[in-house]
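Note that chain A is present in both complexes that follow, paired respectively with chain B and with chain C.
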Partner chain A sequence: MKAKTIVALFVVFAVAAWSPGAWAQGPIKLGVQAPQTGALAKHGQEQVKGIRLAVDEFQKKHNVQVDLKVYDDESDAQKAAASIEKLAGVDKVHAVVGGYGSHLVGPASEAAERYDTPYFTTGAVDRKLSAKKLKNFFRLNHMPGYAAAQSGAIKEALGAKKVGILYNSLSATAEIAQEVKDQLTAKGVEVPVFEKFEKGTTNFKPLLLKVKDAGCDALLVEGYFPDYVGTIKDAKILNLPVKAYVGAWGIGTPEFVRELGPMSEYVYGTSIWEMGTAPKEAKEEEAAMVAAYKEKFKEEPSYIAMLGYLSGKYMLEAILKGGKASGSYSPEKTREALRSLDVMSPMGRIAFDEKGDPKYFTAALFQTQKGAQVVIFPTDRKMGEVVYPAVPWGAK
Partner chain B sequence: MISATSVVQSLLSGMAEGVNYSLYCLGLAFVFGIVRIINLAHGEFLVLGGYIAYWLLVKWGVNPLLALPLAAAMAGVAAFVSYRVFLQRIRTSSELNTLILTFGLGIFLANLYLQLWTADIRNIGVDWMEQPLSFFGIYVSVGEILTILISLAVVFGLYFFLTRSRTGMAIRVTAIDRDAAALAGINVERVDLVAFTIGGLLAGVGGPLLGMLAHISPGAGLHITVKAFILTVLAGVGSIPGLLVAGMILGVGEALTVTFINASYRELFGFALFIAILVIRPSGLFGRRL
Partner chain C sequence: MGNLTRAFVSERTAGCIVTGFVLALPFLLSFNPYYTSVFVSALILGAVAIAWNLLAGVCGQVSFGHAAFFGIGAYTSAVLVTKWGFSPYLGLVAGGVFGGLGSLIIGIPAFRLRGPYFALAILGFAEVMKLLALNLTWLTEGSLGIMNIAPLPPLEVGSLKIDFYASRTTNYYVVALLMFAVYLVVYFLRRSNLGLAMSAVHGDDETAAGIGVNVFRTKAIALTVSATCTGVMGAFYAHYVRFLSPDTAFDGYWSVMPIVASLFGGMSALIGPMAGALVITGLDEFVFKRFFETGHKLFFGLLLAVVIVWAPTGLLGNRVGKRSEGDKR
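Then we have the complex of A and B:
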């Protein structure tokens, strides 16, 4: 009788232990690899803030503990890969989010693949990343969406005939420059100046003079924050006679406006999200996110923070969904859950193709007007009228 | 088709950039020439000067040019403390140790700035200094003219300090023959400390100008240090006026490379020149002892 009781108890405990619910309620280990120091620190820090907010909300909503581990890759490719090795190999996280810059995400996503750990990034748009067809790789944004917003707006909203393109030699900016050039040429827009510059360039005048001599209507700079500061300052000194200044990404942010003041006025930039641009189905989510973010961090969220938030949110949901179905948090089930995702978010509809690229991603082009980002393209997301011709330095 | 005006404008921009390069590298060249320390934290001292000027402008609206003395003083204090606390202890050991130590110090300072002032890129912008002036179709800003004048004043000021003042002469004697200087009664340890502090002061002057012409960020120092090192080798150790000429060769060469060839060859020009000088004239273009 005693032996039978012990066996029965063992069976009860064993069944309970192996039931899906019991496993799925354990803590989720989420890894974050992002630059917190170095050249890309600004973007990485915003990204992590968004992820932290997503974790807070997830814990409240599902009553599931999330063990968040954040590693700084120091804006360095080797350290990005090493961060993943530590997260996946030592900490045994269930998935990784973060990553900023295609040159960092490349080695990091390959390391994640070696450890069979789902990797979800929001800061890498290089086509080559998804061309590798890594089964664990997912991203919210990619190159064609950005390029289409720029070339579409230049042709349709501005009606420019000649465009000068200057681009940073880093992989993502070099790739988008080529993509935009191809798209513009296909639309019948001339690109007489197409020049690469190295990171750290401070004297942009010789390059800008080429744009001037070619008689370009618009100047397109595919670069990063320091490149925009340098080109705008030098364009002002030269009184560069173009009608529009377009930047790739990271331009027109609140920090940009704060630092450049009136020199930020009228610049164009691509954005995935600005406050008020969410589709009507996601307006409520947008408002809730912004309110929670402002309460937690005492500042407005940038689109990079929004991307971080969404990646954290969807990755955690996928881990939990996969865990519930399988009885454990497995990489395979997490991947399946991500692949089956099809939702309307503040940045539009989100679903992934077989390479982990977003199926429906489109960026918008905004113009900074009185310090605010006014979306002017595409027309269905338009928030105001374009001011053209107009450049920060007031040339014709 | 490149217009003649554009060529002249490009040439001018290269000269202006070159003069600024000279100022940025002055502290590193000076310390290397006197104390024989390749200060890899030089760029971080410069960035500190930039932050001082930035915050004075943002908080109290102080013009960055008026902030120059304080920016220089703060960077000088940072150099003084660094020397007394760290470098003085290892001066007698291998020169490689000072190289590694200053490299580490640079990383420490960059990360300290990151914690103190975040990763945001800072722009020192004063409207009237950014206004362009036009001369026969050639544009130059008020700020550029002022920074060129300041750079020239600092370079020649240092030159006269070294050749005309007693302290300057003591520094030169120490640089030429340390043992002979010590026998002549010069406190060479004190000279090292003074020289390193002056190196910091000179770097501090460059910071506000960098912030006005470009931008400052916690990680901006390394690029400045590399550029300064190239220029020091180009000019030749110990040649202060030579730095100006070397700076202009580099600045003008880079600008014309962009104008006539392609911007992607700009950095290549600098490094090619660096290697060529090392091979053809290892002592640098104007290499001589102080």
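Then we have the complex of A and C:
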């Protein structure tokens, strides 16, 4: 009886040791702070989906268990900092990814710094975040990269001489408007109209008349969906004589095309990534990610999901690389591994400067042509030729 | 009948019990930094709720816009510290002073109004303040917000250094101290002749005027004290969270949640709003969130509906501070 028990125990341990659940190395604890409820919930949920996919792939690839802790910051600054207290202070995670909105990432990244925990975000573009030079702060995208796509395309692809900029007074749109204006001015493009409007504005005619009077070649609207609808509608009424209509984000997307139909044609918009926009070196990775995402979540990945995926992937790789080097996971080794990263990804080349900002980040500028998003800038991600001059309310 | 109306505990005893609980809470939570930070938020809310209740529960003037005074206090301190290099401690005082001054701007015209019109006027004032913060970009950084606001500087008591940057516990005890200061202000004010005048105004304006109460002055003092206390808490919030934007400083949360906490805890007890803030935070954190990770806020509404229907005086309403006929002051 005793021998039987010993044999049974041996078999149980042997099976456990050889089962697929046996991991090559101790578990990596990865924390996620992201809005799952509140105003930013949609973005935070997509971000988390991308991170979950990255975790699945990492576990399969490296046979290392990842203990993923996801906390909802409820789109609130205080809760964002509290989530980090929980992740870094209580759960003792090795690193944190996520964060959406500069007002949430600011307090959260500071809390992560207090606990000396690497923090990698994909949803905060405010310049001031990296100005603090926190040693644990990293991000995949920032405002100058968005602005570079717009100013670069306006100067190089369209060759516009005068640009009118209208912008929503909210923080992200106000910041990108100022950044684009500065970049355009530096490139020798005139910006005779630079006007702010409040959220909820429905009558844009007075502002558009200023653009008309100034003889602008292109109209740049840094806003959100209702702002694009309002400006395009009023531009049609005024038959605004510009040669191009450029928006910031959330324009020209499939939902946008569905809502506006023919009035979405020829508009330009910025995006970090859309299906098919990866540089040729990363086409394979893009296709694999999209296929895996569709299989797991039964939907197409958005660019936010792609960002979440990439942040999860590179953070886990960095933790593992640092761990292998030192024998145990440490914030210092993880930071070193992230700083030495230099790869081509579906959103372009990724490497970080000393402040944790992306060195090479540039969004892509696309034009809606027959309902599809055709990337026209930067040239290494170009998918087709620009149709210029052309605006939704009639070719000029 | 006397037994039914007799209070279970006096206001002072209730205050001591809640004080003891607040002081012991970090020990009960094993100094867990996450839970400590959650209850820092609860204490800020509790202090604002006590201040709100001075105006509504004691003086009978309901405000739907305390976010205005919270935001003014927060911005005052943040601007003074980040732009002009003032000490954050001075910022706390200035936050209170400017919160009080802001209340006079709206109070003087708004006290001509009664009932819901007064409440709506304050709500409108909060929106105006938010728009000002949004558009005075040279001062407030507009919608981009003020980032990197300095934390409270460390205090050195002999060889002991009290740090407010790294430790949540020190922040907890500072906000607890501020909350007790607010409570004591309200407590002694209510026990003063002015407190009696406020109670008279709460009962009926005209009757109060008939017995010689200066109704306008009484309301103005109640609003100014309430707004000053709220402004101080706003200033503390700015140095605690270290980021401020018009949306966060003038968030409707600071107008609505003090009302919820007061209704839940009981408006007739001065410590009721504080108890309400602690209980709703505890319930949310330890009960609702456990079962409903993303839908837990729904329970606030349900809970509030239950309290209003079945316990309209709140948790402590009938249990604190009421004296039976034989009791003497």
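By definition in this document, the second predicted complex is superposed on the first by the 302 of 396 C-alpha atoms of A that agree within 3 Å, B and C clash if a C-alpha of one lies under 4 Å from a C-alpha of the other, contacts with A are read in each partner's own complex, and residues count from 1 in each chain.
By definition in this document, contacts are C-beta pairs under 8 Å (C-beta built on N, C-alpha and C of every residue); 3 or more make two chains touch, one makes a residue touch a chain.
The shown structure was predicted, so the numbers you read here are calculated from the model rather than taken from an experiment.
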For this session: Identify the partner contact of A:His103: answer first if only chain B is touched, second if only chain C is, both if each is, neither if none is.
Result: second
Exercise. Which partner does A:Ala288 contact after superposing on A: first (chain B), second (chain C), both, neither?
Worked result: neither
For this session: Could you say whether A:Ala186 touches chain B, chain C, both of them, or neither, answering first, second, both or neither?
Result: neither
Exercise. Does chain B (first) or chain C (second) touch A:Ser169, or do both, or does neither?
Worked result: both
Exercise. Who touches more of chain A, chain B or chain C?
Worked result: B
Problem set entry | First, second, both or neither for A:Glu85, with chain B first and chain C second | second
Exercise. Regarding the shared-chain residue A:Thr37, is it in contact with chain B (first), chain C (second), both, or neither?
Worked result: both
Exercise. Who does A:Leu207 touch here: chain B (first), chain C (second), both, or neither?
Worked result: first
Exercise. Which of the two partners, first being chain B and second being chain C, lies in contact with A:Ile237: first, second, both, or neither?
Worked result: first
For this session: Share the list of chain A residues that count as touching for chain B in one structure and for chain C in the other.
Result: 37, 169
Problem set entry | Residue ranges of chain B in contact with chain A within the complex | 1-3, 6, 9-10, 13-14, 17, 110-111, 114, 118-123, 125, 127, 130, 132, 134, 139-141, 144, 213-215, 217-219, 223, 251, 254-256, 258-259, 262-264, 266-267
Exercise. Which chain A residues qualify as touching chain B in the complex?
Worked result: 37-39, 41-42, 45, 75, 166, 169, 195-198, 200-203, 205-207, 209-210, 212-213, 225-226, 229-230, 233-234, 236-239, 255, 259-263
Problem set entry | Parts of chain A lying in touch with chain C, wherever the complex brings them together | 36-37, 72, 74, 77-78, 81-82, 85-86, 89-90, 102-103, 106-107, 110, 114, 126, 128-129, 131-132, 169-171, 174-175
Exercise. Which bits of chain C are touching chain A when the two form their complex?
Worked result: 32-34, 36-38, 41, 134-135, 142-145, 147-148, 165-166, 168, 241-243, 245, 247-248, 293-295, 297
